[in-house]
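What follows is a set of structures to go through.
In what follows, subunit A forms one complex with subunit B and a second complex with subunit C.
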Partner chain A sequence: MPLLEIQDLVTAFHTPAGRVTAVDGISLSIERGMTLGLVGESGCGKSVTAMSVLGLVAAPGRVERGRILLEIDGDPVNLATLPESRLRRMRGGRVGMIFQEPMTSLNPVFTIGNQVAEAVRLHRRASWREARARALELLRLVRIADPERRLDEYPHQLSGGMRQRIMIAIALACEPELLIADEPTTALDVTIQAQILELLADLRRRLGMAILLITHDLGVVAETCDEVAVMYAGKIVERAPAVELFANPLHPYTIGLLAARPEHRAGGKGPLAAIPGMVPQPRDFPAGCRFHPRCGHARKPWCMAEQPQLRELSPGHFVACHFAGELDAARPTEPADR
Partner chain B sequence: MTGGQPTADNRRAATPSPRGFWGEAWARFQRMPLAMAGLVFVGLMAVVALLAPAIAGTKPIVCRYKGQIYFPCLAYYGRSLEPVVFSQDKFRGEYPRNLREKDPESWAVWPLVFQDPYRAVRPDEWPGRPGNPARDQGRPGRLNLMGTNQNGVDVFAKMVHGTLVALLVGFVSMGIAATIGVTVGSLAGYFGGWVDAVISRITEVVMCIPTLVLILALLAIVEKPTIWKMMAVLGLTGWPGISRLMRAELLRLRSAEFVTAARAVGASPGRIILRHLLPNALAPVMVPITFGIAAAILTESGLSFLGFGQPPPSASWGSLLNDARSNLKMWWLVFFPGAAIFLTVLAFNLVGEGLQKATDPRLREARK
Partner chain C sequence: MTDAGPDLVAVSDLETHFPIRQGLFRTVVGQVRAVDGISFRIGRGRTLGLVGESGCGKTTAGRGILRLVEPTGGRVHFDGQDILGASAATLRSLRRRMQIVFQDPYGSLNPRLTVRAILEEGLVIHRLGDSPERLRRMTVALERTGMPTAALARYPHEFSGGQRQRIAIARALVLEPDFLVLDEPISALDVSIQAQVVNLLVELRQELGLTYLFISHDLSIVEYISDHVAVMYLGRIVEYAAAVSLYATPLHPYTHALFSAIPSVEPARRRGRIVLPGDVPSPASPPAGCRFHPRCPLAEAVCRTLDPPPVELDGHRVHCHVAARHLAAAGAAEASRQVAAALAATLPADS
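The block that comes next holds the complex of A and B.
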């Protein structure tokens, strides 16, 4: 069985204005040692999915349906129904997590060593001295120069890339089997991004852990992921091995995303291609296919009336579109009015 | 240390200093002369308060009597600390003459000023020395540095011993208030929901109680009003401000990324509050605590002035002001305690203001 299997996950927020479904029935699975990329525009529910896995969704949000099965010593454990105290042992123990904002993800009043050592001590019986030795080891693992000195420094003395390395060190403190990386490179500049991605790929090989990589950057996905799931408006619209997805995208949204990459412009010049419109707010998702107001292929009445389900078009390649595979015949037209 | 070394300052800005948050704040605090003056004054007061029995008193700091060493001055901290020998030998609090008469071999180290805050020094108590003058005869002079009150009790001794009372009132009552306020406020701020709702309503109820009136009511009921009871009331009514600030601070910090990160490595709520939130929220609440100390001292002085303080043999600054009411010609009964109260409250407020500036997050950002 896979290391992590998410089945029909629904996470909703109960706001005074009404119920908002941020994640609407998604299913995913990650094998041991593999990297799954979860891709989509801002606000499509990627981060909420990640937070749901570890039960970190803040009130008024909560996981309402579905199972989150983590394989522990051969048995699947449903994280969605696990009591908080046992869930706490999963966090940082079996599953590590890193965040988008390395600038604010470290506590400003404690030294680096203190914070890394704390992560060690949360899950292992260790004296401060042992934890500190382990912290030093971890800083070396994430390739921080001059680790002895860095241990006694404060977060504000480090650059963004360094802080993200520290966050990775903290997440790896107890050798998790799964690392959830929520846009780990978004806040960093391009050269640092490449270094961090390379570090993650290297650590994955050396430690044999699986990675759930959340990003909106298809370039990042192409470089690092084995499999890709594309999310749109709380649903997964396409799922395929990375090579297959880039070679043969089937969902109009995926096609649009791939066309919107800067390197895809003809001759590297001209305006960037863009998908018209914006991701709808969870409060007013359109009926039928949620992408139809922005889709050049939408046809009445199917797309407006019926929500497409994920279908396996070729082995391992799933897509949720009524006309997937037939799009070449239907030339893109203007987006449908309604 | 202040302006004269721009190069040193530039260098520090270029390479971030290795000091932590409090180190940074302390460095900024040191660059504020007024705040530093306030802190030095508070420090001096603390020294005076702790050494009060050695500065002014009629009991020896150390003495040797009938072959034994005693520290009679400790009696000023608590009456039970007075060695029993001296009451058995009928000293009646008059040490110099008795020591000499009852044990010629004895010796003693005396306080700097031989005056007592609770009674007038009698003639010939110290062989060859006149007693304290009373009423408006007790002008400031060589024997009575700040004069005496109507009963001939030395004002300087009262002032020195009153420092301890003032500081005790300030620190103990604010200590109680801070403990309650920080605990209650952080619970409300972190857990939110119904916990917050209940705590916030209780806070509002306590806020509505006028402290002074409550103390007056309590003093009317209680048989023996002591400063300890006053401190308890000041502490038990002084926490809502701190609690509300703490709550707001935690509400803000609760959604900080590093809190989510701490939860993601498996930290428990208690650990998150104590280790991650409190140290970050402490700076803003230090400011109202400091101001609160000043306010508590002022309240105690005010109550003593009105005659609702500790009953007579007390050494509170406010009670000196109370003595002055009957005869305003005795200006020294107004001037010295008035100045002391004013300077103390000013000093604490300066320290509070300095603290506010030194820990201001906006200034901290600007230095990055």
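The block that comes next holds the complex of A and C.
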């Protein structure tokens, strides 16, 4: 039984302008100790998926359908119907979380030690003295240099990379089984990103926790994840083990993203193989296959009319495309007219 | 660059220091050395990529060249004319030929103005053309960037990020400039849109013979678009070379670390990761000697005391005592291997 299993999740926002479906029937699962990468561009629903798992979707948004099953002591518990009081115990307890902005996630008027110790005390019976000792341990765990001094400092005295380490320390306070990391390195410089990714990989090994890593960066996914799910316009369009996905991408969107990278054309010869068109926003997802207006392989009438379902083309490799497997995957999608 | 004729942009010893003021009388108690003596040239029709991490001074350098931020020292020549000493009138006429595109297409376009008013602003300031001529220029600029002319009557919020960046590029093109400072022009865009905008920039460079200063932290885009690349660290250029040489034979340990830190989907491109310890120090109190030495796995005694002078071989310039020694002894290719091997030797055995 997987640690987390999402079945047919639909999360929608009821705005004055009408109902907007941000996540439209996705299914996912994460085994204990594994890292799943959820990749996609802005508006594809990857962050809303994470918020749905955490029970943090705010009005006018609502989880409308589906089950979010977290295995607790051998039994699946549906987070989608869990009362807020139990959700609150779960968040920061069994499920830790870190977000993109380490600047705004910390309270500027409390010391680091205070905030880390608070996270410990929220979930455990511990005196402030014990919690502070545990905080010191956590700062060592995330490899903060000079941790005794840092405990008494305020967030503004720390660099971005160090703040993200503190956020990770807070997330780890109660030894979560699942860590949800939403673009944890996007705001950081590339050398600091390397430090944080290495730290996360090391912590995963040592603590055996599973990670749901949400990112737009295929490189980050390739280097850190066991499995990958690619999201586009509220749907999962492709899901596979990471090695398989990058060696043998099958959905035209995944193929297009990989082909558009400049590394693909090192030496500066010829234009980049850009995916034409715009990233659709939840308000106006196209009918049929949601990628069809940008797809070089779209064929009438199938792609315009009928939404493709995920099919398992090879063991563990799922694709939602009417023609996946029949396309020449080695050939990138040719850029159509801009 | 020698084959490109005279340089369009020549920067020497450019410095931009910001005073730190404190106390009742706002006494200057220190200087933030955002840009601390950098030199480079850009040939006409060429692109220089300026890379580095946040706070390294790359943006301040770009703005200093246009005098959007006043440099505190050094010289900038544009097409042979002195920019820093130019009078207000000369500067205005030169600025028509030098434009800038900013990172954030959400912040750089005034939401209260129509696209027409946004594009026309520069033409009005520079008193260019009458009304029909202005409309013609705006139409041409929009078409060049792949936007419909109907966009003129609309507002920025009606467009996506990629389209807004096209509008920002059109605004720069309306004045028919020779030189564009592109400050992280694609960083705020979605991955699938970035390649579109890069292709557009390359196309425009070819069609209009534009010269670019391309500022970015994205090394793979810089490699693709640039003829030459300068790597900045803490207000200084630490390495400068033709893009091909820099990427094939990086010399500076910092450049090696930057390359190895980029996560890649191609296993062949993943090198042994050099994870640099610590954070970038504050430019208000840069370390003595080589500024990179506190984070450098190869630092020697001399690095802690002596600022490394530039050493150049075949147009490949590096500011590093260790790399310079190898460069002088064995040439760029061998020096690059030596530095890489020395860095690999400092890695823990399991990574």
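Here, the second predicted complex is superposed on the first by the 319 of 338 C-alpha atoms of A that agree within 3 Å, B and C clash if a C-alpha of one lies under 4 Å from a C-alpha of the other, contacts with A are read in each partner's own complex, and residues count from 1 in each chain.
Convention: contacts are C-beta pairs under 8 Å (C-beta built on N, C-alpha and C of every residue); 3 or more make two chains touch, one makes a residue touch a chain.
On a predicted model such as this, the values are computed, not experimentally measured, just so you know.
Of the two partner chains placed by superposition, A:306 touches none, neither subunit B nor subunit C. In the superposition on chain A, A:278 makes contact with subunit C only, not with subunit B.
Applying the stated contact rule after C-alpha superposition, one finds that A:8 touches neither subunit B nor subunit C.
Counting the residues of subunit A touched by each of subunit B and subunit C gives the higher count for C.
In the superposition on chain A, contact is made by A:111 with subunit B only, not with subunit C. In the superposition on chain A, none of the residues of subunit A is touched both by subunit B in one structure and by subunit C in the other.
In the complex of the two chains, the subunit B residues touching subunit A come out as 16, 18, 20-21, 192-193, 255-258, 260-268, 275-276, 279-280, 368. Considering their complex, residues 41-42, 145, 159, 161-162, 189-195, 197-198, 216-224, 246, 256-258, 260-263, 265-268, 271-276, 278-279, 281, 294, 338 of subunit A touch subunit C. Partner subunit B is touched in their complex by these residues of subunit A: 54, 56, 58-59, 88-93, 96-97, 99, 101, 104-111, 118-119, 122-123, 152-154, 156-157, 167, 170-171, 173. On the subunit C side of its complex with subunit A, the touching residues are 53-54, 146, 160-163, 190-196, 198-199, 202-203, 217, 219-221, 223-225, 243-244, 247, 257-258, 260-266, 269-270, 273, 275-276, 278-280, 351.
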